[in-house]
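Next come two complexes built around chain A: one with chain B, the other with chain C.
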Partner chain A sequence: MRTWRERIGRAVPRGLGKPLGILRGKLNPVAVYRRNPSFWKETGTAYLYLLPALVILTVFIFYPFFDAFRISLFKWGLLPPRPYVGFANYTYIFHDKYFWRSLWHTFYYVIITVPVTLFLAILVASLLNKGLRFLSFSRTSFFLSYISPIVAIAMVWRWMYNANYGLLNYLLSLLNKIPFVHIQPIDWLNNPDYALPAVIILSVWHYVGYQAIILLAGMQNIEQQYYDAAKVDGATGFQAWRRVTIPLLTPQLFFVFIMSLIGSFKVFTEVNVMLMGPGPLRSAETIVYYILRSSGRIDGATQHLGRAAAASVVLFGIIFALTIFQMTVTQRKVHYQ
Partner chain B sequence: MLRKIVVGLLGALLLGTAAMAANEPVTIDFWHAMSSGHQPNLQALITAFQAEYPHITVTLTYQGSYSALQGKINAAVAAGNLPTMAQVYENWVTPIESILYPIGPHMTMMEVGDIVDGLVPSNTYNGVLTTVPFNKSIMVLYYNADLIATPPATWAEFYDLAKTLTVDTNGDGTIDRFGTGLRPAANPEQFLVYLDQAGGSILNADWTEVTINDAAGMAAIQFLGSLIPYTFVTSDYMSDHMAQVAMFIDTSAGYNYNKTAATNAGYALGVAMLPVGPASQSSMIQGTNLAVFNVPNQTQAQKDAAVLLARFLLRAENTVFWAMKSGYQPVTKSAYETQTWKDFVATNSYQQAMSAQMLLGFSQILHPNYGDMRTILSTKFDEIMRSATGALDGLNSMAEEIKPLLSE
Partner chain C sequence: MRSRRSEVSYTARQRSYRLLLYVLMLVGCVIMLLPFFWMLTTSVKTEAGAMRMPPQWIPAKLHWENYAVAWGMAPFGRYFFNSFFVSITSTIGEVITTILAAYAFAKMRFFGKNVLFAILLGTLMIPGEMLLVPNYVTLTRLGWLDHYEALIIPWMVSVFGIFLLRQFFRSIPDELWDAARIDGCPRGRYLWRVVVPLSKPAVLTVALFKFLGSWNAYQWVLMMTNTESMRTVPVGLATFSSDIGTAYHLLMAASVMAILPILILFFFTQKQFIQGIARTGIK
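For the complex of A and B:
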């Protein structure tokens, strides 16, 4: 068989080979239309339906992202002049110890929050799926933590973490009734060692209900026949959960995992409201906190919009790389029914 | 003769046109962040202003929190649709001072001279009074009046009292009540108060050198360092820890919160002027100013009307009304001499200290990188007071980190 180059001769410059090849090949929309006129009609309709979402995404997601990258290359102020500085903003943040510290705090938060929340969500969903008598009440109760505004939740948890009058320290003090147990009250929000763990505990509590509801929906969609087959094969309850429920739940697990990973990297409100700042000795300063401080939006800081944009681009790069990694590695293990 | 008549007629025509223009209806937008408690009082002032200038309509727009207001002003700068005037913090408008319409040149000498001295530098750009003060508060000393009969008058007395009042009441080895409390990360202005009282400053007068770690700075930080064992350090509002501290420096705007919290903690709250430092008894003034925007979407008539409103709000009776209703401090010297204010102070004893302290106030510098300096102060001051670094080492780190900001 002749190649496309042999067919069209040597008139095409070598560099244009690939694009032209595509145009002449299966992906050429005109060729597709000629072969199957109904295809265009169907895809055209699909594109039409997608258009509103695409417009919104373009205006509010794609354009701001590319603009943030552009801004990161300038010494950007609210007013001109805005001189081009190349990668100076990136150089600045990469030499700023607080940028690295905020990155470390964020990773620390993500590494603990994401798996712990997911693990607890699987447990909660499995318990709810056992057929509780008050399923809808339980579901609503768990979901309440998620639908409550995070600012309100953080305020309530501020009280719960209060070193002198807080609920958590009261509960810990009850353990002192056990012989040989002596637990000192923890100054959760005012001790650099506990500030970030306090944010992690709050976040796990906040998101576990939401994730559990999604997983529960997935569990309830698993066909009974799989469990029947497992029962016939002599599987115990745990074995059925391990070999049937979890594998068939992987699409939901995958979704929840990716979404919580992305969301966790953007943690800010919990820190800002509950700790009223970046925590003692900046011990809970996260990357988004760093970005907002650089932009001059918090703490009365000077506006360095270029630096803030550069840090945003780095955060995007991290989330993007991790998401691609997740999608390529984890998705292989996802089973769709 | 004919020439004189023509000139006279033209002059009369011009004056007539100006007079007509002056009375042309004009509407101005005023963005603010005064929540529901303060809004009726602000509206009352606006109503009085509109009664005096019937051709001017003021559209008051509550933009939410200060953070929301800042965000909206930033967005409006980018979109080119700024309001005629807005309530602003210094660091919001320092980067956009080129589009501010200077109010000072349209005020009388008497009006300019009447502004509280400590408020003039923080409203002056390139030697021109550009913005004017609006809602201002001052740092004062709050104390447990059941424990402290006479508040400390000097640094030495403050130290002695803080030491005496730091106690472990139940004998469990942990301190139950500290002599004093600080919020170094959230409120680094507390350090600036001690620095100013010692006669120091962050930078020299022309902002060419960092002076924070000179002799005055060292005196201030060493004094604060000596207080560490007797100081409760937190990022929270001190009103959340009233039972744990005997006295503390805080803004006058927090009076109502502190009073309620003290009552809940079971003691009476006292308010006093700050103890006198080696150089002065000064204190830091904080709060917002009023800015008029000089942008294409605002006509000259609108800017003129906004200036009139700013001047109206500075009048003694109006700044007194606002202070009495809002809890902020009057911003002009003559206001403190009015009988209304004197009567108010006489019936509200806590105001005596606040009023006296306000007249000894100073404000933040308008350096373009002041925000970055504040971040450094906040970080290092927190490290010092939490003993994560030595007092003098921390002070020298502040100076080293601030230095590069002068050349940026």
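For the complex of A and C:
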């Protein structure tokens, strides 16, 4: 071990050595540099490499993250003055029945969409993993919905949901040929009871292929020897699926579950495009819809950026809680390998 | 003898089981493709034909002129130009910033590396929707609202892309850099001439997903633009739909046009796409 004096060399004049020595050269930039010049040169280059990304991240992610909290404390309309109002925006949204409704609609959407999509995705992935022919064709057909622009997708669903001329009601009416079945045409988009379910069906259809592809990749990663072992033990196909595939797939299942949970809380485009607004009687308004509406960007609403920011902070709280939950579970190890 | 019989019946059972699986898969594919088929078939009907009940699966006469009519009813040329311009520039920009940052995190020693990386990880927790309002305020201040800058510059970086590339870069052996250094190759040239070509699949995946996300973006464009001339295809299509009311044949024609570039891209890069998706899940 060298002494601090040896390590920092002649960076510090002798007279000052004693008091500065207490810091052991840790705060003396020259000494710090001299101790390991190549490291600091590399640091300089590295930050040069990081600079473009860091500048954009700082301006458009780090700063606005804190700014959202700040804006939520101001009355912020289209034109100044924009006075500080404390927690008035929070008080306002917590007394706004439409805010609570938007929360409820979002939860309703999430609670149905996430499990149904995941369940169907598991079925689809298992089917695709069966070694059937036409794999690449079926994989592509399941994937097509995910890559297509959601706006265009929402258009065709709106057309299919049309009460009088829509394909869905026509297909449903075919069921009436079965005895004792009487299905009335559903006014999907104008009936407050059906607007949100219509969005849910669209979302399940849109995301199931994406999730299935991830799960399929996970399934294909499971080594054959596990199945061989199961076979030796006399497991049937279903038992092998239940006792080998599903347990070994937990990391992917959990990843897909969390991603879709977090993503579903942010549902907006499907609603705004397919229903051309928040749905009849605002029956499909979601949190993000509420945020954009309060921002005065849609629906011809008045601009209240403070309220929009307050609602954003609430959304962040929900997502943050979910992320913490995810981390706790992940740390307890979701997989068996 | 008995065992043989059971074997035969087992294969027969297995065959019917396989048949069932094929039927299930067919049903699945039909459900997934039906909306696309319906979009396409409606787009070549007349307005009256589209409203016919029971519906026609394939119209007797294909009215391809619907596409020209729809194209002429809104400034789609401008929308497509905007979409291509915004998607291509933000993809190029993102790839450059992401490669640089990912390389620094993967292969360089520097002060504050772990802290910075943890902070970057943390940003993945922030929902983008939370940043809409403050970014709207920032862009207003910068005077970028309703300008291309607002649609491009904030999207020229992707934390997720940095992670993905960093993982990939880490698998490149350090001996390559040592060899390059001995030959007097500067770091920058080594990165672009050696590391990037070696990581082509990962870089391509990052670029593809950026392009896809950028082409399909709706919420951000809706929030940050006001005028027709700044709209991209998705927002333009949504406006078009509220303008034309019930002319669904034209709306479907416009929707097909909006999907087409993505479809073409997908068919050329299918393998990358599917592997990229699979990779995000496995990690």
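A few notes on this one:
The definition used in the following text is that the second predicted complex is superposed on the first by the 263 of 337 C-alpha atoms of A that agree within 3 Å, B and C clash if a C-alpha of one lies under 4 Å from a C-alpha of the other, contacts with A are read in each partner's own complex, and residues count from 1 in each chain.
The rule we apply is simple: a residue touches a chain if its C-beta (ideal position, glycine included) is under 8 Å from a C-beta of that chain, and two chains touch if they have at least 3 such contacts.
In this text, all values refer to a predicted model and were calculated from it rather than measured experimentally.
Applying the stated clash criterion after superposition on chain A shows that chain B and chain C collide. Of the two partner chains placed around the shared chain by superposition, chain B is the only one that A:Gly300 touches, whereas chain C remains out of contact.
Residue contacts after overlaying the shared chain place A:Met276 against chain B and chain C alike.
Look at A:Val124: by the touch rule set out above, it reaches chain C but stays clear of chain B.
Residue contacts after overlaying the shared chain place A:Ile200 against neither chain B nor chain C. By the touch criterion stated above, A:Leu103 is placed in contact with neither chain B nor chain C. Of the two partner chains, neither chain B nor chain C is touched by A:Val244. One of chain B and chain C touches more residues of chain A, and that partner is C.
Once the two complexes are laid over each other on the shared chain, residue contacts for A:Trp157 go to chain C alone; chain B is not touched. By the document's definition of touching, of the two partners only chain C reaches A:Ser148; chain B does not. Within the superposed arrangement, the part of chain C that overlaps chain B, taken from 135-143, 189-197, 207-215 or 261-269, is 135-143. The contact surfaces that chain B and chain C form on chain A in the two complexes overlap at residues 162, 164, 276, 297-298. The residues of chain A lying in touch with chain B in their complex are 77-79, 162, 164, 189-190, 192, 275-282, 293, 296-303.
The touching residues of chain C, when paired with chain A in their complex, are 18, 21-22, 24-25, 28-29, 31-36, 38-39, 42, 50-55, 96-98, 100-101, 103-104, 108-111, 113, 116, 119-120, 123, 125-138, 153-154, 156-157, 159, 162, 187, 212, 215-216, 218-219, 222-223, 233-235, 237-238, 241-242, 248, 251-252, 254-256, 258-259, 262-263, 266, 270, 273-274, 277-283. Interface residues of chain A facing chain C in the complex, by the touch rule stated above, are 39-40, 42-43, 45-47, 49-50, 52-54, 56-57, 59-65, 67-68, 71, 76, 124, 127-128, 130, 132, 134, 136-145, 147-153, 155-160, 162, 164-165, 167, 170, 205, 209-210, 213-218, 221, 252, 255-256, 262, 265-266, 268-269, 272-273, 276, 288, 291-292, 295, 297-298, 305, 308-309, 312-313, 315-316, 319-320, 323.
Those residues of chain B that touch chain A in the complex are listed here as 67, 70-71, 74, 77-78, 89, 91, 95-96, 98-99, 185-186, 233-237, 240, 243-244, 368-372, 374-375, 378-379, 382-383, 386, 388.
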